[in-house]
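Just dropping this structure here.
Chain naming follows the written order as A, B and C, and within any one chain the residues start at number 1.
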Amino acid sequence: MAEKEKMSIVVFSDDLDKALAAFILATSGASMGMDVSMFFTFWGLNILKKNSGGGKSKGIMKKMLNFMNRGGSRRLKLSKFHMFGLGTWMMKKLMKETNLPSIDEFITMAKQMGVKLIPCSTSCGVMGIAEGAFREEVESLAGAAYFLNEARQSKVALFI
Amino acid sequence: MAEKEKMSIVVFSDDLDKALAAFILATSGASMGMDVSMFFTFWGLNILKKNSGGGKSKGIMKKMLNFMNRGGSRRLKLSKFHMFGLGTWMMKKLMKETNLPSIDEFITMAKQMGVKLIPCSTSCGVMGIAEGAFREEVESLAGAAYFLNEARQSKVALFI
Amino acid sequence: MAEKEKMSIVVFSDDLDKALAAFILATSGASMGMDVSMFFTFWGLNILKKNSGGGKSKGIMKKMLNFMNRGGSRRLKLSKFHMFGLGTWMMKKLMKETNLPSIDEFITMAKQMGVKLIPCSTSCGVMGIAEGAFREEVESLAGAAYFLNEARQSKVALFI
């Protein structure tokens, strides 16, 4: 059997619009028969955090950072026109109206389609994010070398 | 005859500076003999909107979104130092001084060089952008699967 | 001897977090035996500017731009939570605590590992940045065609 073509995406941002772009590309790739890995780093890690909280960090600065930078798929904001929540709320409405899945639904879909959701270990270390902070769909943490090894075998590799 | 090498770019942003980077890369690729596709999605769609307006959307929220998010190649702003228009005005002056084409001119040039300018159908649907909103240089709308099929055949694929 | 696999990165942004991501990927690639080129363009050029200043631009607008847009590896800010410097200061503390190199140290490391640090000639022209503005680790200026030629031979090409 021929090996599947690979696709790998770095998800750096936690903007709602960029997260949406990343999941639309990832699930489209999977539905075309590609073997897709999403590698979440820096702010992108927020997308994978549990909406209910959980996962305590150690140290006052890390605690502060994770208090401000709370994350969770339902707390993402638009990169433009957030307008104290109004623009983001409108975009979510429009997504629903056009039957586009929410980020929450995209995470479930992606997982079911075999997309690998991988948190970046270096970012977790620097930002003091405990593994318990992530939802159950995620794979084990991995570093940049892991991503690059996937990317160099990939037909498509993007940084979002 | 050997087939041309392909290049494909997702243009997600409508910042003047990022649009400039995208068009410089696309036209450079075309002048090196590559077959270039630019796939405009989300805010990037603004770059392709007519400067004169046109294309009404249906529904109050889509109308509001397209009123705020008016677009047009001459309305793009710098991602930094926009400064109520001053920074953007200065950048445009500097572009002219160094004989760099404006985005308007880049669109014409790109089209003439055979670069394909493709609006993302999913984004148009969610944001309620009518096809009539776009200038005449654009191709038909296409979805993420179309882009990925181009990208996996491409020597260079970027997300800007 | 087999030729080395190539990797090429456009560094468009001068956000501390994105610069960090770029250098982590570049140095990881180099340590995996890849031949890595980083192509700095627009705001990304700030990363390569001397921290001590130097390199005068001609013309009032270019002077103004380079006064505001001073640059230098130690002046980079977070893309989120900069908070008048507090967030950025915290991030630098956290980087130190977890033994992650500073951007300054990453530039030295990258150079020692053979990573090529290339300023984009077109951006330098438009923004009026003199070659003397850059630190000694940089290569000669090069244009988009140079980058694309690297990118089309690369196993991994990213726009950050």
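Basically, a contact is a pair of C-beta atoms (placed from the backbone, for glycine too) under 8 Å apart; a residue touches a chain by one contact, two chains touch by 3 or more.
All figures in this text were calculated on a predicted structure; none of them were measured in a lab.
S.K.: Please identify each chain that touches chain B as well as chain C.
M.R.: Expected: A.
S.K.: Looking at chain A with chain C, do both copies bring the same residues to the contact (over half shared) or different ones?
M.R.: different
S.K.: Rounding to the nearest 5 degrees, give the angle of the rotation that lays the CA atoms of chain A over those of chain B.
M.R.: The superposition gives an angle of 120 degrees.
S.K.: Centroid of chain A to centroid of chain C, CA atoms only: how many Å?
M.R.: 25
S.K.: Residues of chain A touching 2+ other chains?
M.R.: Within chain A, the residues that touch at least two other chains are 157-159.
S.K.: Which positions of chain B touch chain A when the two form their complex?
M.R.: Counting only chain B, the residues touching chain A are 10, 12, 41-43, 59, 61-62, 64-65, 68-69, 122, 125-128, 143-145, 147-149, 151-152, 154, 157-159.
S.K.: Where on chain C does chain A make contact in their complex?
M.R.: 5, 7, 17-18, 20-21, 24-25, 28-29, 31-32, 34, 79-81, 87, 90-91, 93-95, 97-98, 100, 155-160
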